[in-house]
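One chain, chain A, appears in both complexes that follow, with chain B as partner in the first and chain C in the second.
For the complex of A and B:
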């Protein structure tokens, strides 16, 4: 049963990947046949399909095994991207952790005091309308004035993106228990804290995990945007920045680093998925025990 | 004197006994690594690691800053980082910035001072295909002309106006990105390019017609130094308000001297500086950085007034171009630059037996750099 599930995931992933490659190459082939027009019309394709604009998927994959220089070392591009990705992952992970803590904290605050909910929620919504390019220089300048290393400033940008979905969905989740359950807790004279930990937080998980999956990918986006915006010595964002500037010379490298960023995003998504399954499975066990006891 | 004063203060805090030794020995100690204490200093660059900033990296990696009792952190630039604004906000101690951009910020209230004019010439070109017939700015008429914006376009606009053209109505002025794709695909007729970066990129790209790399003869180049609308570029900027503090003056004196010594090092040790840049994590290839190092040296050397010294004619030209275009409302006051620190630095360099002008026979000869495919 378990093995079947893993197999299914692997097969779906491979099929999805092949589908993307087929679409990419098919579009490219079509453009080549029709001189970049929709077949049978004089309407131009949205992007031209020459090798500079759309390198072959095999060339992008092949580029991963080309040697690039990284400081004093020379290594294949895929290793280079793994190294850079690890750095970006750390920034994203720190940002995600802060975002999780702040988001949960805000949600509990808003749960405890309706006044806080009424006062804070609009601001939490407004916060996401501030464009990152405006925010990034402010965060780094403020960080440098307070002797905060740039890597933490970048993490803070990731935090800024991640706390929002956490706060909003955690609040909904914490408010989700049935009135009957809440009244039962009240009849036990359970203090607010006990209700929070025994009833509200477990109930919030179902709301929280979808938000965490979103937050995890957003934290990677935030870290990469932060790197490009603020400038770092390393990281995937830095690689994307430099390869973008040299797109005309080696477009495959930019595509390869973008693929790297996508894989990093998928990985963190997978990690949250795994965490969800572990946490939910533990409760599943508890619930089953409950049923047996009943 | 200033030097002695700060070092005295630092020593006083430490111990009275140390004070006497510090005062006694420090005149001879400048730039020799004989340090009572080391000052931590940060420098904001305009972009990521590349040979454009080799002098600063060389000064770090070869211990030149250390010799001047400085511990320098070099901060790379990013897309949204404006070096002179990082400096004005106090987030960094020094910044590298182009003169016109910095003067615009200064007019808007950034309290910054040019303390060393490192690049003596402009590195900006307008590049087109040889067959498009754009040989001087007058030929822009009716063409599509790319530019990067953000203050990178001042020389181009001034050059076009000087040729009697009205940018935007006599020719199409369009934004371009930092890759040369728009020119390579002929979406635009002329593209902005730095001689040390984007211009080389074209020469590292394969010409689909021949299967070989593009050659310089495929291109027509307008050099703003020849047109007469060139503006001064990379300079070291310091905080204006902090320059009244003797401690910061002393640090600035040492920082400028050590940075300029770094640039002298890159003049005299070309290959070492290319290595330094690569080791500091440039994703660009070795031949590209060698090309860039060569062209950057050409922008610095010879420095007729000595390295880091302001070329007053070029300053006047820079200001004239910026004010006539309306980018600057008025000419900056005389406090916008000072040659005090560059002069002092040159005295220090001469005392160490270094030629600060680069005019001595054989001290700088441009190299012939062969660019490899993709700049590898």
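For the complex of A and C:
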């Protein structure tokens, strides 16, 4: 059963990928036939389909094996992106961990003291209305003044995006046990901390994981935006920025690095998915032994 | 029949009123002037129409609520102290098992909180699973069990630390009739085997008559004890349900409930 499931995921992924490529190439081919108009009409297509705007999927894939310069060394683009991606991944991972810790901490604080919920929740909501692009340079400048390495500053930017979904969903999850469960713990004279660890936190997991998947992809977005906005010398964000400036020369390269960023986002999403399956599998997918003895 | 000596009393309720939201526009007097003594080892049912405060009364005994006036004594100490000493086990209408724990781990929860060793817990939960006749289900998850089976696990959990008092809030209310009758017999067997005191909230006349040694009939809002029906039907079996003496007692309980309606 388990092997079949993995195979299904792999097949679905490949089919989905081929579908995207087919759509891309089909649209491009159609544009070539009709001089960028919808067939049989004089309505222009929303985007031009020439090789500069939409390079062939094969060219983008091929570009991954072209050699690029990395400092003094020369290496294929896919290795270069992998290296930069690893750096970005680290920033995202640190940012994600901080976000998880801060979000959980805030949720527990708000659970423990109603006053904290009333006082903090509006600020937590407001925090997300500040544009990241405006905030990033402030964080970095402040970081450099305090001798904090750029990688940490970028992680903080990712944290800023990730703590929010964690805090909000964790609070909901911690408040999710029903009265009977809480009365049960009260009947055991269980102290608040015991109720937190034995009841509220386990019950919160089902609420937390969807938010963690969102937070994981947001942490990658945060890291890349952070890199771009502070002009760091490495990371995927840097690569994207550089290739964007040389778009007219080799558009394939920018597309390839965007694909790299997407793959990074998908991998962290997959990691959280895997963690969820490991943590939650014990209560899910079990067959019912209904009405055997009742 | 109920000639229990004061010192043997499991629960003494003395002049208890319960008012919710006192002083506010939505003030509700849930219970008024409740006096009741429940002897150790007794099986007492609290019956009344919805909203008569029978669940509130149960929660006052368990110190999940505090009385507005009067006092509740459990095994000679204030209800609050009895809760801190974990003198009672509680069973709710919905089994209230923790989905993420296996059946055995659910039963062991109160033992875990009391700091029992792993081996002792495992031994006790196995014992409890035998008691509720689910010996092979310790490794299952609650969602894999039917409603009746879950409720047995919930009873096993409540009894796992051998409390002298079992508080049950409409525990069979969500079960189908067949399962319900079966569970009633099982509960009586467990009650006889463990010698625990049971306070049982229900709104079913036959259920209260079948199970209890005394049925406490409550009137609707504000809840008052209208009358107490002594039930002496000897050892219950499935045949008891068709016994004329059982019908006579059920009728007595029914009339006590009706007397309220007229009075109200």
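Everything that follows uses one rule, which is that the second predicted complex is superposed on the first by the 281 of 294 C-alpha atoms of A that agree within 3 Å, B and C clash if a C-alpha of one lies under 4 Å from a C-alpha of the other, contacts with A are read in each partner's own complex, and residues count from 1 in each chain.
Here is the rule we go by: a contact is a pair of C-beta atoms (placed from the backbone, for glycine too) under 8 Å apart; a residue touches a chain by one contact, two chains touch by 3 or more.
This is a predicted model, so every value here is computed, not measured.
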Problem - Partner chain in contact with A:184 - chain B first, chain C second, else both or neither - result: second
Completion exercise
Chosen between chain B and chain C, the partner touching more chain A residues is B
Problem - chain B versus chain C as contact partner of A:232, first or second or both or neither - result: first
Practice task
Mind working out whether A:241 is in touch with chain B, chain C, both or neither, as first, second, both or neither?
Solution key: first
Practice task
Mind working out whether A:150 is in touch with chain B, chain C, both or neither, as first, second, both or neither?
Solution key: first
Exercise for the section: Would you check which partner chain A:194 touches, where first means chain B only, second means chain C only, and both and neither mean what they say? Expected result: second
Exercise for the section: Could you look at A:71 and tell me whether it touches chain B, chain C, both or neither (first, second, both, neither)? Expected result: first
Handout entry: Touching residues on chain A, where the partner in the complex is chain B
Key = 48, 50, 52, 68-72, 133, 136-137, 140-141, 144-145, 150, 227-234, 238-239, 241-250
Problem - In the complex, chain A residues that touch chain C - result: 178, 180-181, 183-184, 186-190, 194, 198-199, 202-203, 205, 282-283, 286-294
Exercise for the section: Sort out for me which residues of chain B touch chain A in the complex. Expected result: 42, 47-49, 75-82, 85-86, 89-92, 177-181, 184-185, 201-202, 204-205, 278-286, 374-375
Handout entry: Contacting residues of chain C [partner chain A, same complex]
Key = 59, 62, 64, 83-86, 88-90, 92-94, 96, 98-100, 109-110, 112-113, 133-134, 137, 140-141, 143-149, 179
